[in-house]
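Shared between the two complexes below is chain A, which pairs with chain B and chain C, respectively.
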Partner chain A sequence: MLVFIIRRLLAFIPTIIAVTLIIFVVLSLLPGDAAFVRAAGFKRGVANTEGIEQLREEWGLNDPAYVRYFRFVGGLLRGDLGTSYRTDEVLSELIKERLPVTLKLAGISILLAVVGGLTLGYLAAIHRGTIIDLVCMVTAIVGVSVPEFWVGLMLMLVVAVNWGLLPTSGYSAGNILFLILPSLALGFRYIGLIARVTRSSMLDVASQDYVRTALSKGLSLCRVRGKHIFRNALVPILTIVGLESGWLFANTVVIEEVFGLPGIGRLLVVSILGRDIPAMQAAILVMVFAFLILNLAIDVGYGFLDPRIRY
Partner chain B sequence: MTRSSLAVVLILGMLAASFVVGVGQDQPRYGGTFVNMINPSEVITLDPLRSSITDAETGSVIMQVHRGLVRWTPELSVEPALAESWEISEDGTVYTFHLRHGASFQNGREVIAQDCKYSFERLMDPNRGGISVYIFGNVVGADEFRNGEAESIAGIKVVDNYTLRITLKGMDLTFLTTLGEPGAGVVPSEAVEAVGDGQFGRNPVGAGPFMLESWRGDTITLKAFEEYYGGRPYLDTLVFRRLSDYPAAGAAFQAREIDAFLSNPTNYPRWQNDPNFQELKVAELWTRHLGFNNEWGPFQDKRVRQALNYAIDRDAYVGVYLNNVPISATGAGIFPPGFNISSGVSGYYYSPSKAKELLAEAGYPDGFTFSVVGDPTAATWGIPAIEPLLPYFEAIGVHCKLVPTEYGTVEMDALTGNYESYVDSHGGEPIALQFVQRFHSKNFGATNWLRYSNPVVDALIDEAVLTVDDVERTELLGEIERIVTDDAPWIAINFSTVIFGTQVWIHGMQQMPIDLKYQQYEKVWVDERSPRA
Partner chain C sequence: MSHKSLKRFWRKKNAVIGATLVILVCFIAVFAPLLSPYHYAHGDLNDALLGIGEDSRYLLGTDHCGRDMLSRLLYGARISLLVGIVAQLANTVIGGVLGIVAGFFGRVWDDVIMFVTNATLSIPVLIFALALMALLGPGLHNLFIALGITNWCGTCRLARSKTLSIKEENYVEAAKAIGCSRIRILSKYILPNAIAPILVIGTLGIGDAILIAASLGFLGLGAQPPLPEWGTMLNAGRNYFYNAPWLSVLPGIAILITVLGFNLLGDGLRDLIDPNTKTLKK
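Let's turn to the complex of A and B:
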C-alpha cells in the first residue's frame, strides 16, 4: 500500500508538468494585455503608454515564451508563485489566505452531499417502490437539474432574508454560520447524484447471491443491509464522489461569487477579468493539485473498502 | 393621583420621549458602523501610487484614507484639503499652495510641504511604476525627471514647511481639479520606506479621516482617525464589502446587514416605494452611447450617422427598458446635463421618416449592415443596452449585428480602430474641458474612440483650454457642442443617473455627480435605529 501511494505521488509530477504547460499555452492565447488593463488610465486624452511599457518590462512580458515558461516553472520549484499583476500581492500569501475558505466550503459541501445522498439513496433502496422511494428520487432529480446559483439565491432569500436564521452572505473570518447556506447550495446537486448512484448500487448488490445466503442464515435484515449490502455498494459511490468532486471544486467559483466568499474560485474569476496571469496560474494549479490529492485519497479508500482491491 | 392627571402625565411623558427620540434622529451623533458595498470589481490597493482614475472602487476607498492638496466637492469644484489656500499667477503657470498647520498623518507626524514633494515625485518616479502620471505631466522638469536626466522635479518647489510652489509648462485650467484625484494623495516617506512600495498598498498611512484596520478577503474595515484635520469623523467604523451582484446586495440590504447599495434600473421599481429604502439619486457625468467608427464604411458619411440618430426613440427606451431612471438624450447635445452647459443645441428626436430620407440621400436607400462590439454583461451600457434598439434600425432597413466582446478586448479594439461601432458609457471627468477632449483628433488611440476628426472642433477645443474667463469658455464649449452634435459622431442614448439606496438610519450622504462612490464619509452618521449603531 505504501509503495502504491509513493508511486502515485511520483506520478503527480509529470501530471503537474503537463498541466503547467497547458495552462501556460492557453493563457498566452488569451486576448488582452495585463499591463494594459492595469495601467491604461487615460485622462487628458493620453493613453498611458509609458506606464504600460514599464509594467511590461517589470513583469517580463516582452521576453520570449520559453523564457517566461521556465521562469514560471523555476519559481514553482522554489515555492514562489509570483506576484499578482493586479494587486502586487505575493501570490503564495494570497493563496494561503484564500485556500482555507475554498477548502472549508468544498469540505462541508462534500460532507453534506455524502451524508445526504447516502441517506436518501439508502432509504430509497430499502423502500423501493413506495412513496418514500418516489420522494427521494424526485429530490435527486431536482438536485441535478437546478443550477447552483439559483439554489443559493433561493436559500438566501428564504432562510436568510425571510426567516432571518442565517447571514445572507460574506465570510466573517470563517464563522461556520456563514458557510451553511453556501455549502447547501453547492452540495445540493451532488446529493442528487450520490442518492441515485447509492440506490442503484444497493439494489444491484441486494440481488446478489451472497445476500440471499446471509438472509437465509438468519441474519437480521438490518445487519444484512448495513454490513453486506451497503458496504459493498460503496465502491461505485466512492468513484462518483471522486470524479464529481473535481466539478465541485470548479463550481465553488459560482457559489463564492454569489455569497461573496473570498476563496480561490473568486480569485480565479477576478484574475481572468483582470488578465492577471500569475494569479490565474496559481489558482488553477492549486485546484488541479487539490483534485489530484482527493482522487489519490479515494483510490486509497478503495483499498480499505474492498479487500479485493490491493495494490 | 387622579386618573385624569395620570393620563396627562403619561401623555406628556410620551411626548417628551418621542421628542428625545426625534432629536436623536436629527442631531449628528458619534459612533456606529457603516457597511457599504462595492461592486463590481475589487479594491486593488490603498496606495495612491497605483490608483487609476478609471477604477472608481479603488479610488473611493483611497479617498477615505488619503488626502491631497485639494478635494472634489458635490458642486463639481475643488475645496481646500491639505492646502488651506492657494494663488495662481497671472499667466496661469505658477500655483502657490499654503498648507494648513497641524494636519497630521495617521502615524502622528505633521504634514509638511516636503511630504507633498516626496509624494508627487514618487508618483512620477520612472522606477516605481506610478499609474496616474499624467497628473503632473505638465509640470516643469517632469519630463527630465521621468527620463532619468534629473534627480527631482524642478517645477515642484518647497518654499518652506507650509508653502509649496508648482510651476507648469503652460496654462492648464484642469490642473487644480486633477489634483483632487486619488493618485495625488500625500503620503509620509517613512511609512513607505518602512514596508516598501509593494506592501504600502496593504499598509497605508495617509492624512485622511479613516485608517485601515483590517483587509481580509473581500472586506475592508476602516476606523476613524481621531486627529483628522477636519475633526474626527462621526462614524467609528467604515466597512467596504464586496458583493458580486444585485441579488446578494439586495438580500443583504433587506436583511439589514449592509447600510447602502447601488440600485439599478432593473431593480429600482422594486425599491422605489419601499419605506426602508432611502433614495439618493444623482445625475452623473456619463453618456451612454453607441459610438461609430467615423473612419469606417457608411459611417464616414455624416448623413448616415444623423439618420441613425433620428431612427431611435430614446424616450420610449428610457421609459420602458430603463424604468425612467437615466435621463433620455432626446434633443440633447454631447454633454451630460450635470455639466450645466446650455448651448441651446437642438439634438435628435425620433423620426424614422427623416432617417430614411437621409439614408437615401447618402446612397443607402436599402440600408446596410454594421456590427456593434460591447460588454455582454452590462445592462445599461453593454450589448444588452442595444438589443431593444434593433427593431428601430430594422425599420429603416439597417441591420445591426451584435458582437458580445469582453470589455478589455473592446477597449483594445477601440484604441486601434479595429471595429465598426461600439457601445459604452463614457465620462467620469469632473470638468467639461476634459470630457470634450474625446472629440479632438489628436486623441485617436486614447480617449477619442470615435476616430472623429473635425479641424474646426480641434481649434475650438485648443482655444477653450486656454480661456480663463468662465463665461467665454462656456460659450466656446457650447459652440463645440453644436458642431459636434450636428456631426453626430455617435448616438447619445441616455445620461446616467445613479441611485444609491441607504437604510433609514443613515444621514449625511451627499450628491456627488462625479461618482457617488467618492462620498465624503466623514460627514455621514448613523442614528440609534441601526443594528450597528
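Let's turn to the complex of A and C:
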C-alpha cells in the first residue's frame, strides 16, 4: 500500500514540471511590455518612460526565456511566487489571503455535489424506470447543460432579492451564509454529473453475479444495496469526481465574479484584465495544483476502496 | 447508418428530443435575419429597458440600448453555434489525429503524446482558454483559436484507447499478414471503427464549448458588444439586474436549451453506438 502511494507521488512530479513549463511558455508569449504599462502609469496619453529600463531590470524582463523560467521554478521551490506587476504586493501573501475563500467555496460545493449527486443517483437507480428516475435524471442533465453563472444569478434573484433569505454578494470571513448560494451555483453541474454516473454505475453493479448470490442468500434488499451495490459502484464515481473537479475549480473564477467573493478566481480575472503576469501565473498554478492534489488523493483513495487496485 | 440503427435512434427519447432541439437551434441560426423582427444592433434609446410583453413591438422586451431581445437572442444562436461547432471540430481533429497516431505507432510517439496530453489535462479548459484569451486579446476570432486548441485531450485519450483495442483485432492482424501498407490499415480499418466514439465525444464537446464561450463572454473576454453573444449579453444585463432581470434571464435560457440539445443528442448517439457497454456516463 505504501509503495502504491509513493509510486503515485513520484508520477506526480513530472506532471507538475510539465504544467509549469506550459503555463510559463503561454504567459511569456503575452504581447505588450509589462514594464511600459506600469511605468506609463494610469495617466491617459502621458507615458512616463523614465523608469521603464529600471523596471525591466528589476523584474528581470531582459533576461532570456530559460533564465526567467529557472528563476520562476527556483522561486516556486522556495515558496516565493513573485510580486504583482500591478500592485507590487508579494504574491505569496496575496494567495495566502485569498486561498481560504476559494478552498471553502470549492470544498462546500464538492460536499454538496457529492451528497446531492449520490442521493439523486441512488434514488434513480433503485426506482429505475419510474417517475422518480425520470425526475432525477432530467435534473441531472439540466444540471450538466446549464451555465453556472446563470444559476448563480437566478439564485441571487430568487433567494436573495425576492425572498431576502441570504446575502446577495460579498464575503465576510467566517460567515458561511455568504458561501451557500455560490456553492449551490457551482455545484449544480457537479450534482448532475455525479447523479448520472452513480445511477449507471449502480445499475452495472446490480447486474453482477455476486449481487444475485447475495439476494438469493436471503439478505435484505436494503443490506444488499448498501453493502454490495453501492460500495462497489464507488470506483467509477470517484473517477468522475476527480476528473470533473477541474471544471469546478475553473468555474470558481466565474462564480467568484458573480458573487463578488475575494478569492483566487477573482484574482485571476483582475490580473488578466490588468496584464499582471506574475499574478496570473500564481493563480493558475494554485488552481492546477489543487486539481492535481485532489486527483492524487482520489488515486490513493482507490487503493483503500478496492484492494485490487494497488500496484 | 443502417435502417436498424436508425430505428433504434428514434426509439431513444433523449436522442430524439436532443436532435429536435439541435435542429431547431440550427434553423434559428441559419434563418435569423428572416425570423428576427429587427437587426441585432438596431436600437432605439426611447424604447430602452421595456419588459417582456410590455410593448407589442418587442415580444421579449428590450435591453439598455433599446435593442429587441428576441432578435438579439436569435442572432446570438449564430455566434454560439458557430463557435461551438468550429472549435469542437478543431479539437476533435487534433485530438483524434494525435490519439490515433499515439495508439497506432506506439512507443516513442505514444509516450510523448500521452505525456503532453496528461500535462494539458491537468489544466482546466476554462483556465487555459482564459490565459489564451489574455494572450490574444478579447474578440470573437480569438475565441475560435482559444477554444479550438484547449479541449482536445479527452478526444486524444479516447482515440488512443480505441485504436489500441482495434489493433488487437483479428482483421487487422490479417491485413498486416497479407502485407497491407500502414496507411491502408489506418484508413480502411482503424479510422472507420474508431470514429464513432470520437463523434460522440465531439457532440458532447460542442455543448461544453458553447458553455465556455459564454463564460468567457460573461467575464468580458469573449465576443465583445455589440455582438449578441449570449454570455456577453448576460454580462451586460448585470448592471440592470434588479430593475430589468430579463436581460440576464433570457440569454441563460437560450444557452440552456442549446447545450441541453447537444448533450441529449450526444447521449443518444452514445447509447446507439454502445448500448451494452458499461461505459462511464459523463
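The working rule: the second predicted complex is superposed on the first by the 299 of 311 C-alpha atoms of A that agree within 3 Å, B and C clash if a C-alpha of one lies under 4 Å from a C-alpha of the other, contacts with A are read in each partner's own complex, and residues count from 1 in each chain.
The definition used in the following text is that a contact is a pair of C-beta atoms (placed from the backbone, for glycine too) under 8 Å apart; a residue touches a chain by one contact, two chains touch by 3 or more.
Just so it is clear, the structure is predicted and the values come from calculations on it, not from any experiment.
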item: Fit-or-clash call for chain B and chain C when the two complexes are aligned on chain A; value: clash
item: Contacts of A:257 with chain B and chain C, given as first, second, both or neither; value: both
item: Partner chain(s) touched by A:293 [first = chain B, second = chain C, both, neither]; value: neither
item: Which of chain B and chain C A:65 touches, first, second, both or neither; value: neither
item: Chain B versus chain C as contact partner of A:25, first or second or both or neither; value: neither
item: Contacts of A:169 with chain B and chain C, given as first, second, both or neither; value: first
item: Chain B versus chain C as contact partner of A:15, first or second or both or neither; value: second
item: Partner chain in contact with A:153 - chain B first, chain C second, else both or neither; value: both
item: Touching partner for A:246 - first (chain B), second (chain C), both, neither; value: second
item: First (chain B), second (chain C), both or neither touched by A:161; value: both
item: Chain B clash site on chain C (candidates 2-10, 182-190 or 236-244); value: 236-244
item: Touching both chain C and chain B, counted on chain A across the two superposed complexes; value: 31, 153, 156-157, 161, 257, 273, 275
item: Touching residues (chain side chain B, partner chain A) in the complex; value: 41-42, 44-45, 50, 52-55, 126, 129-134, 137, 146, 174, 178, 198, 201-202, 216-219, 241-245, 247-248, 251-252, 254-255, 257, 406, 408-409, 411-412, 415, 429, 434, 437-438, 440, 442-443, 445-448
item: Residues of chain A defined as touching chain B within the complex; value: 31-33, 36-48, 50-51, 54-55, 58, 83, 86-89, 97-98, 101, 153, 156-157, 160-161, 164, 167-171, 173, 257-262, 266, 270, 273-275
item: Touching residues (chain side chain C, partner chain A) in the complex; value: 14, 115-116, 118-128, 130-135, 207, 211, 214-215, 218-221, 231, 234, 238, 241-242, 245, 248-249, 251-252, 255-256, 259-260, 263-264, 267, 278, 280-282
item: Residue numbers on chain A that touch chain C, as the complex places them; value: 14-15, 18-19, 22-23, 26-27, 29-31, 141-142, 144-150, 153-154, 156-157, 161, 193, 196-197, 199-201, 204, 236, 239-240, 246-247, 249-251, 253-254, 257, 268-269, 272-273, 275, 280, 284, 287-288, 291-292
